[in-house]
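A, B, C, D and E label the chains in the order they appear, each numbered from 1.
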Amino acid sequence: MTKPEPLLSVEHFSLSFGASSTNLIDDISFSVEPGKTLCLVGESGCGKSVTSLALMGLLAKGAARITGGKARFAGEDLFALPERRRADLRGNDIAMIFQEPMTSLNPSMTIGHQIVEGVRRHKAVSKEAAEARALEMLSLVRIPAPEKRFHAYPHQLSGGMRQRAMIAMALANSPKLLIADEPTTALDVTIQAQILALVSRLQAETGTAMILITHDLSVVAEVADHVAVMYAGRIVEVGSVDDIFSDPQHPYTLGLFGSVPSIGRRSGTLATIEGSVPLLERMPPGCRFATRCPFADQRCFERAPPNYEPKDGHRVACWYAPLENHVRAA
Amino acid sequence: MTLASQTEIVAPRRRFRGLRKLARNRGALFGGAIVLFFVVLAVFAPLIATHDPFASSFTNVRKPPSAEFWLGTDEIGRDIFSRLLYGARASLMAGVVSVAIALLIGVPLGLVAGYFGHLIDGTISRFIEALLAIPSLILAIALAATLGPSLMNATLAIGVAATPIFVRLTRGQVLAIKTEDYVEGARAIGLPHVLIILRYILPNVLSPVVVQATITIATAIIAEASLSFLGLGQQPPNPSWGSMLNTAKNFMTQAPWLSIFPGGAIFLVVMGFNLLGDGLRDALDPRDN
Amino acid sequence: MSARQDIILEAREVTKRFGHPANFMRQSSLVHAVTAVSLSVRRGETLAIVGESGCGKSTLGRLLLRLIEPTSGSVVYEGQEITALRQRDMRRLRRELQIIFQDPFASLNPRMTVRQILGEPIRLHRLASGKDVDDRVDQLMRTVGLRADWSDRYVHEFSGGQRQRIGIARALAVDPKLVIGDEPVSALDVSIQAQVVNLLGELKRDFGLTLVIVAHDLAVIRHMSDRVAVMYLGQVVELAAADDIYEAPLHPYTSALLQAIPVSDPTARGQRQLLQGDLPSPTAPPSGCRFHTRCPHARPRCSQDHLALEPVGDGRFVACHFWREIQSAGVSVPAATARRSALEMRLGLYRTRQEERRQVDR
Amino acid sequence: ADLNVALQDDPDILDPHRGNTFVGRMVFGPLCDALFDIDTSLNIVPRLVADWAWSEGDTVLTMNLRPDALFHDGTPVNGEAVKANLERALNLPESNRKAELASIESIEVLSDTQVAITLKAPDAAFLANLTDRAGMMVSPASFETAGEGGLVCAGPYKFVERIQNDRIVMEKFADHWDADNYHFDQVIYRPIPDTTVRLANLQSGDLDIIERPAPNDMATIQGDSNLVFDIVTGLGFYGVNFNLGNGERSQSPINQDKRLREALNLTIDRDVLNDVLGMGTYPPAYQPFSTASWAYNPEFDGGERDIERAKALMAEAGHETVSFEILYANNSAMQSLFELVQAMASEAGFNITLRPTEFAAYVDEREAGNFEVSQFGASGRIDPDGNFHRYLACGSAGNVGNYCNDELTDLLNKARVINDVEERKALYDQAQQIAAEDLPALYFYYTPRTWAYSAKLDGFVAYADGVLRLAGLKPKQ
Amino acid sequence: MLKLILRRIIVALPTLIILSMIIFGLQRMLPGDPIQTMMAEESDPQVVEFLREKYRLNDPLPMQYLAWVGNVLQGDFGSSLRTGIPVTEMILQKLPITVQLATMAMIMALLIGIPAGILAAVHKNSAIDYTANAVALSGMSVPNFWLGIILIMVFAVSWKILPASGYVPITQDFWLSIKSMLMPAFVLSTAVAAYLMRHTRSAMLSVLSSDYIRTARAKGLLSNAVIIRHALRNALMPIVTLATLLFGDLLAGAVLTEQIFVIPGFGKLIVDAVFTRDYAVVQGVVLFTAIGFIAMNILADVLYIVINPRLRHPQ
């Protein structure tokens, strides 16, 4: 069985902000295959959104600088394309769903109009055809009474419906790649479950590849094929969802698992990751997790850890991997 | 180790953070420098002035700039440079004091109206709306005429006429801040209203108020000029930039230097205050850095 | 049933409506935020209030502390009806009743140093004066795991988790007897959230506090609480011990909530029965049982008859006409999946090493 | 053709019996013919009255009216109309002409064209008053509506419309007895208070004539071949008067000691005022009568600036420095004047405070005697009485400083009831002598009557009373 | 919508009552007497007394106020002390002029201020931004009387392409009317344009950094479409507020401009009336402009609803 050609492969991508000499995103690599879902997990501020915005070409000009690496998408290097070509890709081949359903829709434009606008930007179709497509999308995402909602303004919809409208908008041009940046964080428990189910069903139907960004491990368990765990701008561990859940290697991944309370009966205190992320300027030159890692020693602070691959496609950046070989059990 | 690692995440202790931010803002620095420059001129006017600003020389009427009279002389032979220096006192005072008055009346009223709401708010708001409905220049003219023409009265009138805006602005801000959790937190520990207003509301509504204040300083300087035009501003022979411009307009073609210098000074100061205001807004805004 | 004196705080039929009723000029904008809620908090317990966004959790929390005035009903604290107290007496009582807010960024005055924030309630309630205030502040900082020498910093210089600790410290500054946490961990990242959850647990143990936790994360709730009240659209629909709720939910809405919890293991993926539709608007709540518009078991009677929370034994309460039938219909309850062995083993190593490091630090 | 004329202010009510303002007189000029008029030498000449005669003893005036004069509504200006007008001016409660006609005892209509007026006593200024608003005839049919925009007079132009602050439009009255002498179809008066703007409008061709251009613009106007500058010395004057007896503030040194007033007078260099402020258009004044008036006496002129003598006088009066305040109505001309006076007087040790006051308040303060020294100005009357008696006779309406010298008042009263010019002049000379002793007021300069107009106009004549007369004015061929 | 307007009118009533008291009281506090001021040189005590009685100036203040309010309620604003012209007639005469001037000034200000503000926001911290700001500030800092005279000198005196002053009714000659108002409207617009520019800039900046703008760009829209279709409309609310507020001020605040360009509008009328203590005129005109101001506020509310669907379809 040969591995399918990835739709998007990001190689050694680095990025920094303003005049900072330290890379905020530092040498990250990952890839997504058609029809598959890659989950990018990590705590708030680790650079998940910045990465996705960089792929979309939506980072503010001037502020962010791409300091290295490539992003190959269907044969083209996204970072090297002229702005006009990127705009042509955006919303057509690569689409995105944002974190905040409440604020991500234009409050003074009807839902229908917002979808139609995206369709007509990329497809040479009549207004009527575009409207028909928009209606089709609205019913596809299970918005009740789509003809009515078509003329509704965002504030007239509930959060869940708005997020579904966002999804309809993103999928209207049948993109090859969908980037979903925490599509459910702002939603209620019951709605979150509805949306996640919807997204994975649509994805299965259309064969769209997806990068799903989240910090919620149970969301990952629910939908991912592959997982990349990010910490402070670096990918510390990447692998298939089974690898990550059944054989997590990196201490940060472990800390994440430990921090989530189980739904079962209460069991003492939670494992925690002490402290918080250091400022970018104070990042240790070695492993960025060293300041919070219970196993860290001098070496971890000073030198970047090597990649350890317990298995094909499962990669972890830690001096101590696998842990049990380096640390004596208590 | 854990505590040590916690140290890392905390930003280094920075005092006067706002000031530093201000100092890094080039526009604000430039604006501040202009304002400071004129303040220095005004304060040290007696030391800097090359002539007596009131002494007219009948042989030197409307002379163009020269080595003797740097910026020329006016219609009755007084040194424009020296008058410009003394005029800075009047114009800056008209700007700064009137805004101070507007702040001193407007902000407390806005705080009280916004914080207590209900009847108090209704009363204050109706009153303020009524004042807002009278064009501010007309209001200032009527007040200044009531109080009698003098710089101080004109300043007072401009200040009072500018007050309604500050009440509105403050009240609006209070309404937004009032629902913040930390205000509720203050109530939750049982803090009395006065202290909540002073410690929790006031400092947090100040930033847009300060910006509005710097814009208003500019309008107040212009308003003093307008009142001078109508004879209600600075009283002769004391100069203000507005009154200098006012006489100068009769000599615009024959002696342009009479208008160019006070006009230029007003422009620079207004520019200075606005740049400073923009900078202050950025510096006072805790959200960005 | 527990003895009367065990009850520290009790809500009696409290109702809160926001906005104004219709008049000749405008339409009604009444929001029925909380409707006739009665519940009691036992001394020393942790009571959780769960429910979806906008169901009235925060409003109920505020009503319990009389931070807002109820439209009707009363709140009784230690046998005293606090909703009838004069403002001045109420201010004095505030020492014993405290609140921790959801948003660590919005709940602390950005223009005050931590020392001012923590010292203010101490001085106000005359718990200490002069130099002693500073000592108390330092003590509080250490209690919540922050360095005492940071107290002269402004809050923006702290991370979210640290700010939440400061918020907790402020609540603790006046030696309260009861603390309400309005989503105290929802805004925090998983790892920080775990730190704060642990801290709250310790504090409760060490100070004998009574905690009321408002939240929507069911896993966190289960981890933290003794009893759980489930709210739907301004009403409590079920109230029971945490384990009972999670293992055998009685109300269909409670079951739906539990169903919505994502699996914690990729191997356990599968079809789940998800609740459809959105929360109805609180300006026009449905008649009868407010859940009937979304309830898979709804029958005609549900849309007509009003119903209140009724005791069903074992200290459990539920508000559903048909809970017996629904329960016997067998609602599947999420299984707590056992963690994989590799994870368990490495997590063990992780914890042990963390503990060792802590020892060294002390 | 149209004629566009700029006025300095917007007139008040357009009813000659009620009006108060100088610009109002400008507008009445073409609208309302008066019984008499003046020529450029201030001689009384016929207008609606063709000829007239005084009775023995100068108490009965018999006037023969022109037979061909019509009001704009077509009714004739006859004896009855004249009587009705004079009675209206005397009896209308709001009439401001009462004082000017106070000497009338009775009016008799002898025929359609003949009216006899009997005076209580001889009144030297009577005819002069009838050249102005008191002698203007309004159609009796419009008595009720005059003022509210329905003014119907007998002038060469009739009223068309008025937009306050913008324009007063009048059109030629074809049936006027002297219509041939008026060459414009329409005349528009526009109030433009700002001198710079006024001149700019003249330069741009929007206006044909402007009144009172600023002195400093004289050079510009003279240098412009499209424009003509014209000036005559007016009848009015500017100066200061002292509060010699109106309330507490008359007690200050300058008001108590005439040596100090004399000293102040000696510090003022009228030539400098003329040069610096007037660019040569402010004729130095030392007395209430303008050089245009027959009552003017050059003997009272002069008194070179003499700081040393001023100081000596002050020392004599026991003062090294003297402080006082000058009250004046705020405008830029007055401001420059008094700033200059302040500067000049300071050289002798006078310490002058300026109190510019908004006009309405200024009037109030003067009436209330709340001033030490005040701006003093008069627009000037044709008859000398109006420049003197009104301001300095005991108890006179314009005597706000309450100066009272019985001897002087006596002389002025006497001069009022004599019609003989030589006799009157002798009385005024005596009165002036007393005033020069007491110094209740100082005169600085005579009001210049300046004009600027388009070089395309022909036949423009400036009068000392400052009122524009349109007869003979026409576009250049 | 009608209900909203009705409600706003009812809410405005107390404001109007307070306002009428303020102007009434303020006027009577002014030193100086209307009759004396009017008569100046020629005052005759008998006439003064007669006029005082006629205009009820000898009555106690509250009586005067009530009498005035009573008349106003019957539509009688009294007439000018100085010119005898009824106040209502003056208002009607000057209304079209004032409205034309204010409208042209507002249009110019909008045409200058909004595009400049957008440009400055889009090119934040660039040369364009700084230039736009400097130009706006110079508009704010040049006194109107000064700018006005310069314009007259250049356009009317030197180039002779515009009339130096004066007013032509729009019904008489449309283009000439517009032409004659160009300079005064421009002078009047500078300060308003400056305010609009600065507020547009900051409104645009906050809108441009909002999430839905990012969404629009994520759809592949090009930046002009994003700015015009998505950003501008949402930035319009504060601009509408400001513009309507300032329009109210333009109605009566154009004193100096009216004076320089000899335009018979409300501003000069009120100020002259203040200076001559022509009470009825001040009261009448200020009351009238205040009603205009309140009407503008109601218009703003209506515009909000047009712009903001959230207000149109409350959920």
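Please note the rule applied: a contact is a pair of C-beta atoms (placed from the backbone, for glycine too) under 8 Å apart; a residue touches a chain by one contact, two chains touch by 3 or more.
Bear in mind that the values here come from a model prediction, so they are computed numbers and not experimental data.
Q: Count the smallest number of chain-to-chain hops linking chain A with chain D, moving only between touching chains.
A: The fewest touching-chain steps linking chain A to chain D number 2.
Q: Which chain has its C-alpha centroid at the greatest distance from the C-alpha centroid of chain C?
A: D
Q: Identify the chain pair joined by the greatest number of C-beta pairs in contact.
A: Summing C-beta contacts for every pairing gives the maximum at A-C.
Q: Between chain B and chain D, what is the separation of their C-alpha centroids in Å?
A: Roughly 46 Å, centre to centre.
Q: Between chain B and chain E, what distance separates the C-alpha centroids? Give it in angstrom.
A: 23
Q: Quick check: how many Å separate the C-alpha centres of chain A and chain C?
A: Centres of chain A and chain C (C-alpha means) sit 30 Å apart.
Q: How far is the middle of chain A from the middle of chain B, if each middle is the mean of its Cα atoms, in Å?
A: That gives a centre separation of 50 Å.
Q: Touching at least two other chains at once: which residues of chain D meet that condition?
A: 194, 196, 358, 360-361
Q: I need the residues of chain C touching at least two other chains; which ones are they?
A: 159, 162, 357, in rising order.
Q: Give the residues of chain E that touch two or more other chains, as numbers and ranges in rising order.
A: 30-31, 149, 153, 275, 315 - these are the residues of chain E that touch more than one other chain.
Q: What does chain E use to touch chain A in their complex?
A: Touching chain A: residues 210-212, 214-222, 229-230, 233-234, 307-310, 313, 315 of chain E.
Q: Contact residues on chain B for chain D in the complex?
A: It is residues 54-56, 58, 61, 75-77, 145, 148-149, 231-232, 235-237, 246-247, 249-254 of chain B that touch chain D.
Q: Which residues of chain C touch chain A in the complex?
A: The touching residues are 52-53, 159-162, 189-195, 197-198, 201, 216-220, 222-223, 242-243, 246, 256-257, 259-269, 272, 274-276, 278-279, 334, 336, 339-340, 342-343, 345-354, 356-357.
Q: Which residues of chain D touch chain B in the complex?
A: Residues 194-196, 214, 216-217, 219-220, 269, 272, 275-277, 330-332, 335-336, 338-340, 342-343, 354-358, 360-361.
Q: Taking the complex as given, what residues does chain E use to touch chain B?
A: Interface residues on the chain E side: 12, 14-16, 18-19, 22-23, 26-27, 29-31, 133-134, 137-138, 140-146, 149-150, 153, 191, 198, 245, 248-249, 251-253, 255-256, 267, 270-271, 274-275, 282, 286, 289-290, 293-294.
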